[in-house]
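In what comes next, chain A is part of two complexes: it sits with chain B in the first one and with chain C in the second one.
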Partner chain A sequence: MSSPADQLTPSPSRPGFGVTARYWLLILPALALMIVCYIYPISKVLWLSVTEPRPGLDNYAMLATSASIQRMLATTARISVISTLITLVLAYIVSYALVHTSERVRRWMFLGVLVPLWISVLVRAFAWFVLLRREGLINNILISSGLVDAPLSLIWNETGVLIGMVHYMLPFGILPIYANMRDIDQRCVAAARGLGASRAVAFRQVFLPLSMPGVVGASILVFIFSLGFFVTPAILGGGKTLMIAEYIKVQILEIVRWGVGSMLAGTLLIIIGGLLVALARVVDLRKLFGSI
Partner chain B sequence: MSTSSTAFEGSSPMTRSIAWAIICFLVLPITIVFAVSLTDRPYLSLPRDGVSLQYYRNLLTSQAWLTSILHSLVIAICSTVIATVAGTLCAIGCWRLGNRASNIVRLVMLMPIMVPTIVYALGIYQVWVDLRLIDTYTGVIIAHAVTGMPYVIITVSTALAGFDPRLEQAALNLGASIGQTLRMVIIPNILPGIISGVIFAFIHSWDELVIVLFIAGRGVFTLPRRMWDGINEQLDPTMAAVAAVLILITVSLLFIDIAVRAYRSR
Partner chain C sequence: MNERNSIFTPTRRALLKGGASLLAAPAVLAAGAARAEARKEVVVVNYGGAAMKAFDEAYVQPFAAQGGRMVLDGSGPLNGKILTMVQSRNVTWDICDCGVTTLAELGPRNALEKIDYSIVDKSKVATEFAYENGVVNYMFSSVLAWDTAKVKETPTLADFFDLKKYPGRRMVRKDSQAMLELCLIADGVPLDQLYPLDVKRAFAKLGTIKKDVLYWNSGAESQSLMRDGECVMGLLWHTRANVLKAETNNRIAYTFKDGLLQPGLWVVPKNNPAGPEAFRAIASMQQPEGQVKLLTAMGNGPSNPAAQSMVPEALRATNPADPANAAVQARINAAWYIENHSKTFQAYLDFISS
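And then the complex of A and B:
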C-alpha cells in the first residue's frame, strides 16, 4: 500500500497505481452496464443483419434492389434534410437574438426554448395532432374566417411531419449555435463597424464565418436526430409518410422480418457513425454535448 | 454603459420580432393542450358553452391511466437511481483520471444519445428474449437506466468542470480516504449537477416510448405506451387532460432545476 503522501501527488517516478485503480473502480459499474446492456445488444443487431435468415450480405443487397426500401430511404433523407435546413435558419435567428439582447430578455427567451425541449415528445406530437388534423383548430379557424373553402390536409403527409419535426429539433439547433455565438468576441464585429463596414457587411464577413462551427455542429446533430426519429413522424405521418425508424418497427413487430429490420438498423448506425466522425473533425464533440 | 455600447450592438427590431415569433411557435402549440383538456364536448375541441373538468375526473378515476402512471413512476424512480449512482461515480472517476482512456470512456457513455433508440430497441429485445426479461419491470428498468446515464454524465461532468480539484487534494492531504472525500467533499460540491442529472434521467424514462414498445407488453404498460395507444386508437379529450398534467409536471421539474442552478451560481 502506498502512504497517504503518495496518493496526493503521484510522482512520475512512482505512479500511484493503487489510486488509479480505485478511480477505475468508480468508472466500472457504469462501464460494465454500458458494455453488457448497451454495446452487446447493439452488436447483436449488427450480427443479425449479416446472419438472418442466412449468413451473407443478402440483406444489405436489398438497399440496391428493393424499390420500397429505396422509396422509404429517399423519404427519410428528404424529410431529414428539409427539416434540418428549416431548423438551422430558425435556430440561427433565435440564437442571434439571444446573444444580442439584455440579460433579462435572454432569460425569458431561454425559458421559451428550454421548456419545449423537456416536454414529452408524445405530448408535443399530440398537440400538433390536435391543431393540424382535418377537423383541427387551424382548419376550423381558416374555414370560419373564410380564408379557405375546404380543410387543408396538414397531417398524414410530409407537411405535418415537417412541422412536428422542426418543432422538436429547434432547441437542439439553438443550443449549440448559441453556445458558439456566445464565445464570439463581439469586438471583432465592432472593429469591422469602426473601420466603416455596414451592419450587413460586418455580419456577412465577420460574424457569420465565426459562427460557422456552431452551425455545422448543430446541423449534424439535428440531422442525426432527424434520421432516427420515431414518435413524431409516426403520429403526424399517420403511416403514409414512412421514415426509417417506423419502417424498422413495422418490419420487426408486424412482419417479423429480423433480417430486413436489423439491416436497416445497421445501415442507420453506419451512416450516423460516419457523420459523427465527420463532426468530430469540425467541432469539439465534448463541447457540443456540454451545451445540451 | 458607454464602453459596452460601442462593443455591443443589439439586434435589429426585425430580427428580434422574428426570434420572438419562433419562440411563440415553440411554446404556443403546447399551451393549446390546456384549452382542449377543459372542453365540454365529447371530442377533441375547444370548450364551447363553458369549461368542464370532466376529463380530469376521468383521468383520476380511470383504473387504466392510474395503473400506467404507477408503472411509469416505479420504472422512472428505479432507473433514475441506477443511472444517477453509476453515472455520477463514472463521471467523477473520469474527471479524476483525466487521461485519454477516460475521455474514451466518456464518449462511449454518450452513445445512447447519438444512436437512434430504434436500433437499441431491437438489440435489447433480442437480449431480453434470451434472458426472459421481456415484459418485466427489471427489463424496462435496466434499459431505461442505461439510456438515462448519459444525461447524468453530462450534467455531473459539467458541474465537475467548475469544481476546484485542490479541494479534493486538501481532503486527501488531511487524511481522508477516497470514500470519505467522495462523500464529504466532492458530492456535496457537485450536488446541483447531480440533481440536474436526476431530473433529466427521470424525464427520460418517464417519456420513453420506443424501447417500451419492443420489450414491454400487457404486464408493464407505461404512460407513454398508453398515450401512444390513445392517440392511435381511441381519441378522447382525456388524452388532453393527461398531456396537460404531464406538461405541468415537466415544467415544475424544470423550475426546480433552474432554482437549483441559480442557487449554485450564487
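And then the complex of A and C:
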C-alpha cells in the first residue's frame, strides 16, 4: 500500500505541475463544497460555544460544574454503552449464522437485516410503541398465556429505549462484522479442528480473534450512532430518559441557550473525534468504512 | 454577540412569495394591481395541522375581504427559530403564534417588536393578557382529564396525586409551564395566590407520584396516551381533552375546575418584512366572528371579551374563557415567567430525568 506522502511527490518529468497535482485539482470542487457546506457551518457552531452569551470558556466549565449536564451525559454514556454491548452480541450471532448458512438462506436473512434499515426510524419507534405498550401485542400474549399476571412495563422507560435503539443499530453492527467474518479463511478453523481442537476451542482461539477487527469497527460505529440518538429515546423513553441530543434541542429551540447547546454539540464532536483517533490506532479506518 | 449567524439559510420567504403571488393573482385582477401592491403580505406562522384550515376561515378570508393579504405557514414558530431569523437579519415571518415563554426568552433578547397598540385595539382583549411584546390571540387551558372506565366519580386535582384512591399511571406535560401551577393548586395553594410559584413545593408534590408519571411532548402524544388507556388521569390542553372526549364517546372526561387559563399570543419578530401591516392583521383578527369560528373548529377560546356572548350555547362548556369556566381557573402570570422560565424549565427537566 502506498502512503499519501508517496502520492504527493510531484513527478520529476514535469516540474511545477505534476500529474498528481492535476488529480488534486479534480477533488478541488468537492473540497470547496465541504468547506462551504460543512466545515464553515460547524466552525460557526463551535464559535458560538465560546462566544455565547459572552466570550470565554464559561460554557465548557459547565461540564465540570453543572450537575444536570453531568447526569445527562452519564445517562447518554450508560445507554450508549449498554445498547452497543447488546447490539454487538446479537450482531455477532447473526453474522456468524450468515457466514455459515447456505446461499439461499443467507439471501433471505440479508433481506431481514436490510429492510428495517430502509424504514424510517420514526416509523420503527412507533411500531415498538404498538408492540410494547400495556395493551400491546407482547403484553397481551404474555398475559393470555399466563406467564405474567400484570402487564410488564416494557416502554416509557430505559427498557423501551434500549429495545428501540438496539433494533435500530443492529444492521450497523451486523454489516461490518459480517464483512470481516466473510474474509476469514474457514480452513484455519478446519485446521485447528484437524489438529484436535474441540469446536469451542477452535472458535475461541482461532475464529474469535480473527473476527475481532470487525467487532471493534462495529462497536465504534454503533457507539457513535447511539451517542447522538434522538428519536427513539424521545418517543420510547416516556420523557424520563434525557440524552444529549434532546438536551441540545431544548437548549437551542426552547430556552435559547445557544451557548450551552453548541458547547454540548462541540463536546460530542470532540468525543467522537477522539474515539475515531483511538480506533485508527487499532484498525484501518479506511478499510472499515470502505468495506461496508 | 455574533453579527450574522447565518447557520440556517431561510428560503421560505422566497417560496411563500411565489405561492402567495399565485394565490393573490385573481385578487390582483379583480381589485386592481395598484391596490394589491400597496399592502404588503403578512406571513402568519402557527403549528400546522387542523389549525391551517381553521385559521384560513377564521382569519385569512376576513382579512382578504378588508383588502389585506395574509399567508399561513404551519412550520411551528419555536423560540430558537425566531431568534435565528432575527439575528441573521433574514426574517421571513410577520406574526407568530406563541406563548408566554416566548415573551420570557425572546423579549429580553430584543427579538420582538413592541405591539403597536395604536393599531391593535386594547379594548378588544382582556387587558391582563395584552403585553408589551405580545398580545393574546386565543385562550386555552391546562386541565385535568380522566378515563371514566377506571375513575368512576369526578376526581379533583388533589386526587390526581392520590395513588391510593385511584391507582394507575398519570400523565403530565414535559414542560414546567402550567404543570407546576397545577401541582401547587393540588397541594392547596389558592388559585389567586400561586405567584410567585413555590417551585420546590411543586416538585415535592410531583415527587410523591413520580414513579407513576409519564411525560408527553406533543399534543398528539397526550391524546394517544389517554386514548390507549396507558394513563388513568392526565394534565393536558383542554383543546386536546375536548377532541379526546368526542372521539372516545365521553370515555375521557375533563374539567376546567382548578385548571390554568393561559393566553396564546401573537408576537411580531423584530424587523419583520411586512412592518406595521402585521399589526393591522392582528387588529383584523380581533374581530369576534373569526374567533368564534376558531372555537367551533378547534376549541380555542375567544380572546375578545365581546365574543363570549356570541358563542353558541352548545359550545359554552368547551370555551375556557367563558365567564363560568374562567371563574374556576387560575390565570398564568407572564411577569413571573419572564423572570423565571429558563431556569425553572431546566430544573423541571432535571427533576423528571433524575
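The rule we apply is simple: the second predicted complex is superposed on the first by the 260 of 292 C-alpha atoms of A that agree within 3 Å, B and C clash if a C-alpha of one lies under 4 Å from a C-alpha of the other, contacts with A are read in each partner's own complex, and residues count from 1 in each chain.
Assume a residue touches a chain if its C-beta (ideal position, glycine included) is under 8 Å from a C-beta of that chain, and two chains touch if they have at least 3 such contacts.
Because the structure is a prediction, the values reported are computed rather than measured.
A.B. asks: Going by the contact rule set out at the top, does A:143 touch chain B (first), chain C (second), both, or neither?
C.D. replies: A:143 contacts neither chain B nor chain C.
A.B. asks: Counting only touches as set out at the top, which of chain B and chain C does A:44 meet: first, second, both, neither?
C.D. replies: In the superposition, A:44 contacts both chain B and chain C.
A.B. asks: Could you look at A:109 and tell me whether it touches chain B, chain C, both or neither (first, second, both, neither)?
C.D. replies: Touch status of A:109: first partner only.
A.B. asks: Scan A:134 for contacts with chain B and chain C and give back first, second, both or neither.
C.D. replies: A:134: touches chain C, not chain B.
A.B. asks: Counting residues of chain A in contact, which comes out ahead: chain B or chain C?
C.D. replies: Higher number of touched chain A residues: B.
A.B. asks: Is A:240 contacted by the first partner chain B, the second partner chain C, both or neither?
C.D. replies: Only chain C; A:240 stays clear of chain B.
A.B. asks: Given the touch rule stated above, what does A:22 touch, chain B (first), chain C (second), both, or neither?
C.D. replies: first
A.B. asks: Would you check which partner chain A:257 touches, where first means chain B only, second means chain C only, and both and neither mean what they say?
C.D. replies: second
A.B. asks: Kindly classify A:271 by the partners it touches after superposition: chain B alone (first), chain C alone (second), both, or neither?
C.D. replies: The answer is neither, since A:271 touches no partner chain.
A.B. asks: Which positions of chain A sit in both the chain B and the chain C interface?
C.D. replies: After superposing on chain A, chain A residues 41, 44-45, 48, 135, 252-253 contact both chain B and chain C.
A.B. asks: With touch defined as at the start, can you tell me which chain C residues reach chain A in the complex?
C.D. replies: It comes out as residues 1-2, 5-7, 78-81, 83, 101, 105-106, 109, 174, 214-217, 228-230, 341-342, 345-346, 349-350, 352-354.
A.B. asks: Can you list the chain B residues touching chain A in their complex?
C.D. replies: Those in contact with chain A are residues 6-12, 15-16, 18-20, 22-27, 29-30, 32-33, 36, 44-46, 82, 85-87, 89-90, 92-94, 96-97, 102-103, 105-120, 122-127, 142-143, 145-147, 149, 153-154, 157-158, 161, 169, 172-173, 175, 178, 200, 203, 206-207, 209-210, 213-214, 224, 227-228, 231-232, 239-240, 243, 246-247, 250-251, 253-254.
A.B. asks: Within their complex, state which residues of chain A touch chain C.
C.D. replies: Per the stated touch rule, the residues are 41, 44-45, 47-48, 51-53, 67-68, 71-72, 75, 133-135, 156, 234, 238-242, 247, 250, 252-258.
A.B. asks: Show me the residue ranges of chain A that touch chain B in the complex, using the header's touch definition.
C.D. replies: Checking each residue of chain A against chain B gives 4, 7-8, 19-20, 22-27, 29-31, 33-34, 37-45, 48, 90, 93-94, 96-98, 100-101, 109, 112-116, 118-131, 135, 137, 167, 170-171, 186-187, 189-190, 193-194, 199, 224, 227-231, 235, 244-245, 248-249, 252-253, 261-262, 265, 268-269, 272, 276, 285-286, 289-290, 292.
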